[in-house]
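Presented sequentially are two complexes of chain A, the first with chain B as partner and the second with chain C.
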Partner chain A sequence: MSGKKVLVVDDEIHIIHVVAIKLRNNGYEVITADNGAEAYELALKEKPDIVVTDFQMPVMTGLELIEKLRQTEQTKDIPVIMLTARSFAISKEQQDSLQITGCLSKPFSPKELLGNIEDIIYQKELMVNK
Partner chain B sequence: MDTVGRSIIFSQRRQLESFGERLKKFGVNFAVCDVNGQLILLCDGGRPKSSPEQLIEYSRQALSQNGDKDSPEKADVLLQQLGDSSQVLATVLKFTSGRSKRAESVAVALIDMGDISTPVAHYSPDDMAGMNAAPANIEYLTEMLWLLAESFQAAGKAEEQIEKVGTELSQTYEELVLLHKLSTNMKVTEQDTSFLQMACDNLTAIVSVEGIAILVEKLVDNEPQLAVAAGSGLIEIDERMAAILHSRLTEQVNNGKEALLDSEVDAPFRYDWPDNIKNIIAVPLFGKEKTESHFASRTKNGNNIIGLLVAINRIDKPDFDSTDVKLFSSVAGSCAVFIENGRLFTDLKELFIGSLKALTSSIDAKDQYTRGHSERVAFISRWIAERLVAGEQLEEEQIHRIYLAGLLHDIGKIGIDEAVLRKNGKLTEQELDRVRKHPSIGAGILSAIKQMRDIVPTVLCHHERIDGKGYPAGLVGNQVPLGGKIVGLADSFDAMTSKRTYRDARTVEEALVEIEKGIGTQFDEQVARAFLNSDVYHLWDTIRDGFCEINGSSSFAEYGTAAVGTLIG
Partner chain C sequence: MRFARTLYIVVTGIVLCSLVVGVLTEWQGSDTGEGWLFAGYVLRWDLVATVCYVVAAVGVILLGWQAVGLAGKITSIANRINKKISDLQLPIPDSGLKNSNQQSAVGNINDLDETLNQWLSSCSDYVRGFESQVKDLQLQIQLSQRREKHTEAIIYSIRDAVIVIDEFDKVLMANEAAGRLFDFDYKDSQHKPISELLNSNHQKFVELLSHSLQAKGRAVRQEIGFIKDGKPGTFDCIISRVYDRAERVCGIVAVLHDITREKEISQMKNDFVSHVSHELKTPLASIMAYSEMLCDGEADDEQTRKEFYSIIQSQAKRLNRLIEDILNVARIESGLIKVNKQPLSLTILIEEQLQMMKSYAGEKNIEIISPKPIVFDQVYADKDMISQVIVNLLSNAVKYTRSGGTVTIKTEVDEIANLARVTVTDTGVGIPESEIGHLFEKFYRVEANKEMAKGTGLGLNLVKQIIEKVHNGRVFVESKVGAGSTFGFELPLATEVVEAVQK
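Then we have the complex of A and B:
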């Protein structure tokens, strides 16, 4: 499943690196941002296939970012995975209403994250081919 | 362009953009073209400039001239003259991998000075105003481009460092998640090996090895042996290999080591291994300190090795090291606790059922004709419970409880005078009264024990009749709990078919007729039918044969142990 673009957003640089390295080693193109505002701009410009974001960030939280993405025509359908140390702070209703595909709590297994992303890409391809 | 090159371009993009912005001041154009011929950046300085196609062509030329230079560290700037008036400076942006020490071209940065005959537009009223592409200024721009190439190289090195750290961190995360998974999945269950299998599978996933196996001690033909309990990947451990591993590991532990580590790297190997093994690691599973152990191999400091975790042939590294020892030891520790807990639980259940049987046997033995009665009633009750149909299919737990109630149904007899129990003739009304107290006495004894409360109703009601003429409470019809109906029937059947002081044993046929007659009065129809429709002769033979395996049900001893699990689990 190569040639897919993932936008990774986290204010903790080591998380970005861990995720980026894992994904790049498996053929994904990775673009990164360390805050929600920058991420939103990047999403508009680069049109990533998937967004992986943290929850707790300065300036704009992950939830706010997702809200904004969902409200914008070009980005409203991009699948989002949340990586967070505060997964308990997000209710099931919020997850559903913001269409968050998955929520992984830290420390996460990078392999598992890769697996989730590959599933999403696979589902997407199935839909497109219908 | 490989992934690292791509990532560098991305992280350096802002620097490249701001470099281009600053160059606008000089009225020149800045462009970056990747090795695939894609223009990824173009900053327009206001001059008539070369077309994108021309820029791409220039970069291709620069790459072929400069791309595979032998001295990877030095950046080189090329000046290309096109026609009389157009000049372009180009330098190849490279990345030198720490691993390969080779310089790879990532992109080409170009300063397009355009047509030098036209005047330059300027943006700021400083010293540089009005500058045109005179030779001296070409020198200046050349220096800037050279500096850009140098800093790009440095950025590449830093990026590679970060990648290494990130990879290690990623690995550490995986290990953390594994240990967390093991801890949270540890439940005190029977000796099922799915926990051990999960440990193997997860470990194989995060440590690149050819194969992993967990060996656990067990008794094979009454001999203690290490046998494979779970495994992943390509690994074959036969009896001989297991014994060898065990003794070599014990030797290491006795020498104060945490693990058995051996590899071709320490050539020659410390030990002699089968040909397919290039490196190997084994860590012990320690059990609780016992005074007697299956194995004579108590280690020097008194620890019992109850098993071991072994892995062979590390794929991504030449051999195993201390970080592996630590991770494997942690996993082995969890497995050992799991196994020991399982054993303790089994020991506990065996102790419990053993005590119950000792108790009921001693009660049965008070009267020579009732020897073995409780165990038979338990067995028959279970038989009936398993065959109930028509909406009353019972859960396994309920069947366990009925079985145990059957075992304990006469426990109240402990409060009955032996003389009365053994009396040869007919009992007086007074004596009958005393005997009829045994269900309530039994229920009283059992209700004092928390874990027994579920079987109290059955014990209390096993002499009730559905016509209300039973005792102690004279319950009618469905007031009698199901357990009571079942055990009551089982009790009666066994009584009928046993010799008593006052009569001989009835045959099975006669007993079945009696039971049929008692439907609607003594016995519940559904329960009785379930019994009568079953293969009673087979049941009879089994009981007389001493409860051997039938229909896949486990032997008496094992079933009892499993059944008490329902009470104390």
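Then we have the complex of A and C:
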């Protein structure tokens, strides 16, 4: 999966740091943001292959970011993985309506996150090749 | 009998008439000649008078005869009564009477008297029995009335709204709480249709009442929302059906319990748990992620490993502080915390905390100024808690002040209000007006200033709890964006508190 670009969004600097190290160690290009608004601008500019975002952030939350991504032509198909520390933060209906590809609860395993990212990108490539 | 009476009257009349005519004829005859001319014959006055006297005499004889006969009958009846009495053969009591006939008569009378007495006695018993039953009934009526009064008093005094309606939707009873809730005069509500008393805001409740009358089962329970005192409220509504002896619904009793506050508290608890969960999981996520990276050998070099260890350590400390703050807040709110109040000098306490803060402030090149008052007035407070308050306020001031700024901490006494006041003023980034009202809420952090420093969002809430809830003081804040903030608290002076305690 080398060369694939991942946008990591979280207001916790240590989370961004550890996820970035894990992904870079596995060949991914990583871009980061610490709030939803900044992440949206980056998504428009950099067109990442996948977005990993926290749920609760200042300025613009993770849900608001995803809504905006889905409403924008250039970003509507980018897969999104949501990280959340709140129990039952997102309902199944919300996940389906916003096309949230994956959901991980904090504290999470960086290994598990990497596995999810790889699965999603693999599925995406399969769809593209079809 | 009637014929005999009539006959006596007629005969008596004839006798009287004859006598009158005879007397008149004699009297007239002496003046008017020999006699009365009738059908060609002359009736001589002395002859007419004689005839009248004869008729009268015959009449008298007849009346006398009848009188004798009547007397005989009366005598016969008396004899028969006497015979009957003698036939009773009543025992003669030992009254000491010498005459046996008299004794016999007295005995008979006594037996009759006793029989009558027995009869009267049994009548008296019946009457007494009836009187007793009437008294019982009266007593039961009184008890029933008293019970009704007690029930009414209970219903009217309870704080929940209670409305009782019959099967025709007419109000039988409503208490004051119901009147207040639905805005009608509860004293004037009896026998009025419930729909007339409630307005369009209560349509759901009216429908619920109608539904309850038709539904099966004994009771219906539902949460229902109304506007109460201009604010939305939630009520736990229990509607019980009342059945008559034929098991037909003859009315319903609706009780509405205000659960608005419980709902708010439940929501606050849910929010608190959600916040706490998030705040605790965040540092924990870092600790677990970095630990996993170390275990998986993702830290290639020693420097990276040291960095990971340091982060794990700092996040663990953060987690610990957070847990302590959460527990302190929870303990204070629940009243479980042990409070050890004593006379304290705020000035001396501040001096002690400044020693620890100055090194932290020095790292950021921030000067802490603390002018010393002349008089060291005392407050009656828990030393550890007030120390915590001072540390939190000083810590915040240093955190949100840029390098080169100043933090000033002052104490002063308001002798008129009997208060000691502490203020901490910084030259930091300031707080937007719109956020000042939320500063002392749990987990609240000013959005614009989050980047400047980390925090649990509980420090100011803890300050408020300690000062206001535990020490009956007051916290306050003033701030201007770009200029800085002043946080402070007031506590009653020790003399005021000690006097109050002694009273």
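A few comments on the model shown:
Keep in mind that, in the parts below, the second predicted complex is superposed on the first by the 129 of 130 C-alpha atoms of A that agree within 3 Å, B and C clash if a C-alpha of one lies under 4 Å from a C-alpha of the other, contacts with A are read in each partner's own complex, and residues count from 1 in each chain.
Convention: contacts are C-beta pairs under 8 Å (C-beta built on N, C-alpha and C of every residue); 3 or more make two chains touch, one makes a residue touch a chain.
Computed from a predicted structure; not experimentally measured.
In the superposed pair of complexes, A:Glu41 makes contact with neither chain B nor chain C.
In the superposition on chain A, contact is made by A:Ala85 with chain C only, not with chain B. Taking chain A as the reference chain, the count of touched residues is higher for C when chain B and chain C are set side by side. In the superposed model, A:Ala20 lies in contact with chain B only, and not with chain C. Judged by the touch definition given at the top, the superposed model places A:Gln56 against chain C, while chain B stays out of reach. By the touch criterion defined above, A:Glu12 lies against chain C but remains apart from chain B after alignment on the C-alpha atoms of chain A. Touch criterion met: A:Ile31 reaches chain B, while chain C stays clear of it.
In the overlay built on the shared chain, the residue A:Asp77 is in contact with neither chain B nor chain C. Residues 14, 17-18, 21-22, 25, 107-111 of chain A lie in contact with chain B in one complex and with chain C in the other.
Of all residues in chain A, those touching chain B in their complex are 14, 17-18, 20-22, 24-25, 29-32, 107-112. Chain C meets chain A in the complex at residues 274, 277-278, 281-282, 284-290, 292-293, 296, 298, 311, 315, 447, 450.
Those residues of chain B whose C-beta lies close enough to touch chain A in the complex are 3-4, 6-7, 10, 162-163, 165-167, 169-170, 173-174, 176-177, 205-206. Those residues of chain A that touch chain C in the complex are listed here as 11-12, 14-15, 17-19, 21-22, 25, 56, 58-59, 85-87, 105-111.
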